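Please go over the structures that come below.
Two complexes follow with chain A in common, the first pairing it with chain B and the second with chain C.
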Partner chain A sequence: MSELILEVKDLVVDFRTDRGKITAVNGVNLEVYKGRTLGIVGESGSGKSVTALSVMGLIQKPTGNVSGGEIVYRGENLLDKSVDDMRHIRGNKIAMIFQEPMTSLNPVFTVGNQIIEVLELHQSHLSKTEMVDKAVDMLKLVGIPSPEQRFKEYPHQLSGGMRQRVMIAIALACEPDILIADEPTTALDVTIQAQILDLMNKLQKELGMGIIFITHDLGVVAETCDDVAVMYCGRIVERADVHTLFKDPKHPYTIGLMDSIPSFDSTQDEHKARLRTIEGMVPSLFELPSGCSFQDRCPRVIDECRGAKGVPVLSNYKADHKVSCFNPSH
Partner chain B sequence: MSSEYLLEVNNLTKRFPIKGGLFGREVGAVKAVNDVSFKIKRGETLGLVGESGCGKTTLGRCILRLLEPTSGEILYNGQNILNYGPKEMRELRRKIQIIFQDPYASLNPRMTIGSILSEPLRIHNLFEGKKERQKRLYELLDQVQLPKDALNKYPHEFSGGQRQRVCIARALAVEPDFIVCDEPVSALDVSVQAQVINLLTDLQKDLGLTYLFIAHDLKVVEYISTKVAVMYLGNMVELAEASELYGDSRHPYTKALFSAIPVADPSKKADRILLEGDIPSPMNPPAGCHFHPRCWKATDECKTAYPSRTDASGSHYYRCYNPIN
Partner chain C sequence: MEDTITITMNSGPKEKDKKSKSLWVHAFDSLKKNKMAMASLSIVVFYLLIACLSFTGLIGGEWAKEIGPAYDSPFWVKWMSGQAASFSIEHLFGTDILGRSVFYKMVKGTEVAMLIGFATGLVTMVIGVILGAVAGYFGGKVDEIIVWFYTTFSSIPGIMLLMAITFILGKGIVAVFLALGLTSWVSLCRLIRADVIRHKNREYVHAAYSVGASHSRRLFLHILPNVFHLVIINFSLTFQTAIKSEVILSYLGLGVQDRPSWGIMIDDAKLELARGVWWQLLAATAAMFVIVLAFNILGDALRDALDPKLKGK
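Up next, the complex of A and B:
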């Protein structure tokens, strides 16, 4: 196994709302290794983005609050860091790219300016010309044609795929240890998505960073990730390496997710099989049932799940395959 | 009157003028839909796929005459609806309905589900009388599997999937024959997406509906459609039976589009055709075949004129000089 760079331990994140307190992330444990990609999969509201924002130290107080756990980056707990120290880490050692490349770039600055801004903050020892050179190099690295020209252009002059490439260039400008990608291709068309995923794989091989890849698309997970964590209602319900998870999923939710994607094979025969679905819908975080959050939608539900035994704990099903379920599939 | 085809679209073109200069003269045009022809049989689903800006939504709206086409014909039950006056159009809209992509934006937040669903009935004077109407509303809720007490609730009390069910019920209220589904599941989570797809297929069977199903997700379209049409920059580049298109696509763009879909199986390494570059602007599309700058099979011929239609087997056709196989 390669070097462990980030460890999230028992992370709990609360939000205060008008209707009371909700716990968006509840006891999440994750590890990120150098040169490997960890995928976090889940539906909206499962807490995957909040987990990522906590690692970045971007949970807004006083609405949001990291109320428990540790985020250990190279032996140091990021939650104990001062605002100034965090500023040195964020964007420098741990960088993030967001879903919407249209809204995460500043429309009134040129692309080049926005890359240089990162360098000014984190690599102030460079001279102005070195920064310009570096920025152009970054644009070249992410495969933008005629980078010298693009350097001077504004975000609106670029297409969606190009903007996402610029976002990646900004994130990688300081050669971070960890790159957090929050649904980086969801807003893009499939052919452009394929280009961006290919680029990220290539850059990871070249630069060796650890990636946390957040997505709801199991196809994307299968192609880009080494390890996968499936989240549901703020908790991790299953964790394994990507091959084990897809070959032998154990949690009924994971199985349900995989079954609900139409596959091309199923359409080959005349009588199309009905899509298998997960009954009902994700419960509101205000009204989580006691016991397992998935109980009301679960085809394998038993009495234990209803709360008498508390919430199922994420435990070893096999070595390196963890499931939190009282009645996992065999 | 009842021909085999419910809808027939011939050489449909929609241009959006670009105005510029001091007096707002027309300085150019976006050809959003360009010379598109297809037919849909009664009870069938035609899937329409393509990436953003390919004109699939514009095409759907032209069929409902929410946008006025520039030229071409739309035959519904054998009659060209582009010649219809406002009164005839109003009657036709009872037969053609639409479901939109975003169930958060397409329901009025100030109306209860009951008033949302009874509005189309009121407009078309259907199911008059309090009891009749109430019965119809319950029937609709039942068809889309929502509880009866939904009638007095407001859209914000429902999740995305349930809202999309309300939108489906609203479209069904006037007993249409034909529904344009414009990305009806794109905004939904996967587990809910499967529920809505199943609902749409069940309704089609029970009520004998005909769908035009617009989406960018090829897997969903393949699953739900009888035939699938692929669009690129305003042109329909290929149309075939759903099962045939996947296994036997002839147009390089279709092939690339299919190969770009991530496969949910880590042991299969997709042999992917990575297209270079971006989709060109529809304001200024490349000469000849619009796909040629990204196409690995392009020859000089492709740069001269747009390829005409080549018929393969049955209803399968494509527009390409250098098809695959």
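Up next, the complex of A and C:
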């Protein structure tokens, strides 16, 4: 196994709302390795974005608060770092790309300026011309044609796919160890999605960074990730490498997700013609049931799930395959 | 290869070698299409030019010189009543009580008006932008204090406050523009605060944070350029309000001293009118009317050009 660069241990993140405190992330453990991609999958509100934002130190206080756990980056706990130290890490060692390329770029600056800004912040020893050269190189690296021309253009002159490439260029300008991609392809159409995913895979091979890839699209996971963590209601319910997870999912929720992928040959089979879904709704974080949060939607629910034995713990089903379920599928 | 195709489809062949335009260039382009706005802009530039020339003493320097008898009517008035008079620029608006050229006083008054407009606009801008941006960006307690402060401040009747401040600061041009600046920043502050609140949760600001930008960098480098059009529009409106307010202050005897201003000229005219001397009033009001109108039209056109929401209306 390659070098471990980031370890999230028992992370707990709370949010204060008008209706009381909610725990958006509850005891999450993750490891990111050099040159590998970790996918975090889950529905909206399952805590995947919040986990990523905590790593960046982007949880907005006082509403949000990281109330427990550790985020260890190369042996140092990021949660103990001062504001200034974190500023040097953000964008430099750990970078992030966002879901909405349309609004993530500042409309009043040229894209070139926005790449140079990161360099000004973290590589101030470079001269102005070196920065310009490097910014143009970055645009070239992310596959933007005629980069010298694009360098001088404003975000509104670029398409969504181009803007996401620019975002990636900004994120990679300082050659970070870790790239966090928060649903980077959700706002793009499918052909552009494929291009962006290819680009990320290619850049990872070239630069060797670890990627945390957040998505709700299992197709994207299969395409890009090495390891996968499935999240539900702020907890990780299953973790394995991508082949194991797709071949042999154990948690009923993961199985449900796999079954809900529309299949093109389903038309041949009469009873499979309808799209399968997971019954019910994600419970509100205000009124999580005691025991397993998935109990009310689970086809394999047994008495233990109802709270008598507490919340199921993520434990080894096999080596490198963890499940938190009292009654996993066999 | 696919990329190249995407690009050509997006930008079109025409735009290929065109230089990218910034927001300001775009705004100026749309301003250029508006004939009224361009006329107003040239009037403003013309006034500024006169003010500069007068400031350097190239014109209007001899405003204190006696050029004829007291209350000598303008030469064109004499022509109309059949009297003989020669054309002379200094007699364009006749003379005042001391026989001084009203025209030169008007020119000198332009300098005062422009100076007051500009300085007031600047004071308003500095206070309004800083307080508004800080309140909007940091929110919470800071915001509450600033909002409380300007709400209280704006509840005091403007003219009372203006008088109080000029009394404290004493007479003179500095006192006038400080007083005007200190009383007119509230509306700009409100606008900036509201717009900063709108922008601070935009993703590009989060993105700036995620690359390690500090608070001040995010506020002043990222958010402020996006709300700066408000400052420009407000500046042009404050400018003309200040010119009008200077007249009121002078009328109340709190205006500038030792040099002519439009306000003092109008103030003088209240006694002169009874004696049938109206040219001093005409000169000052005409000069003021033109610049205030020009600034109003320009301010309106700037708003249309700079506010993206009104684009393509």
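A few comments on the model shown:
By definition in this document, the second predicted complex is superposed on the first by the 325 of 330 C-alpha atoms of A that agree within 3 Å, B and C clash if a C-alpha of one lies under 4 Å from a C-alpha of the other, contacts with A are read in each partner's own complex, and residues count from 1 in each chain.
Here is the rule we go by: contacts are C-beta pairs under 8 Å (C-beta built on N, C-alpha and C of every residue); 3 or more make two chains touch, one makes a residue touch a chain.
All of these numbers come straight from a predicted model, not from anything done at the bench.
Within the superposed three-chain model, A:Ala222 lies in touch with chain B and out of touch with chain C [touch as defined at top].
Of the two partner chains placed by the overlay, chain B and chain C both lie in contact with A:Ser159.
Look at A:Glu70: by the touch rule set out above, it reaches neither chain B nor chain C.
In the superposition on chain A, A:His243 makes contact with chain B only, not with chain C.
Shared-chain residue A:Phe109: touches chain C; no touch with chain B. Once the two complexes are laid over each other on the shared chain, residue contacts for A:Gln195 go to chain B and to chain C alike.
Shared-chain residue A:Arg274: touches chain B; no touch with chain C. Residues common to the contacts of chain A with chain B and with chain C across the two structures: 159, 161-162, 195. Interface of chain C with chain A (complex): residues 2-4, 6-7, 10-11, 15-16, 19-23, 202-204, 206-214, 217, 221-222, 225-226. For chain A in complex with chain C, the residues that touch the partner chain are 56, 58, 87-92, 95-96, 98-100, 103-110, 117-118, 121-122, 143-146, 149, 152-154, 157-159, 161-162, 167, 170-171, 195. Of all the residues in chain B, the ones that touch chain A in their complex are 51-52, 159, 161-162, 189-195, 197-198, 201, 216, 218-220, 222-223, 242-243, 246-247, 256-257, 259-267, 270, 272, 274-275, 278-279. Contact residues of chain A toward chain B in the complex are 43-44, 159-162, 189-195, 197-198, 216-223, 242-243, 246-247, 256-264, 266-268, 272, 274-278, 281-282.
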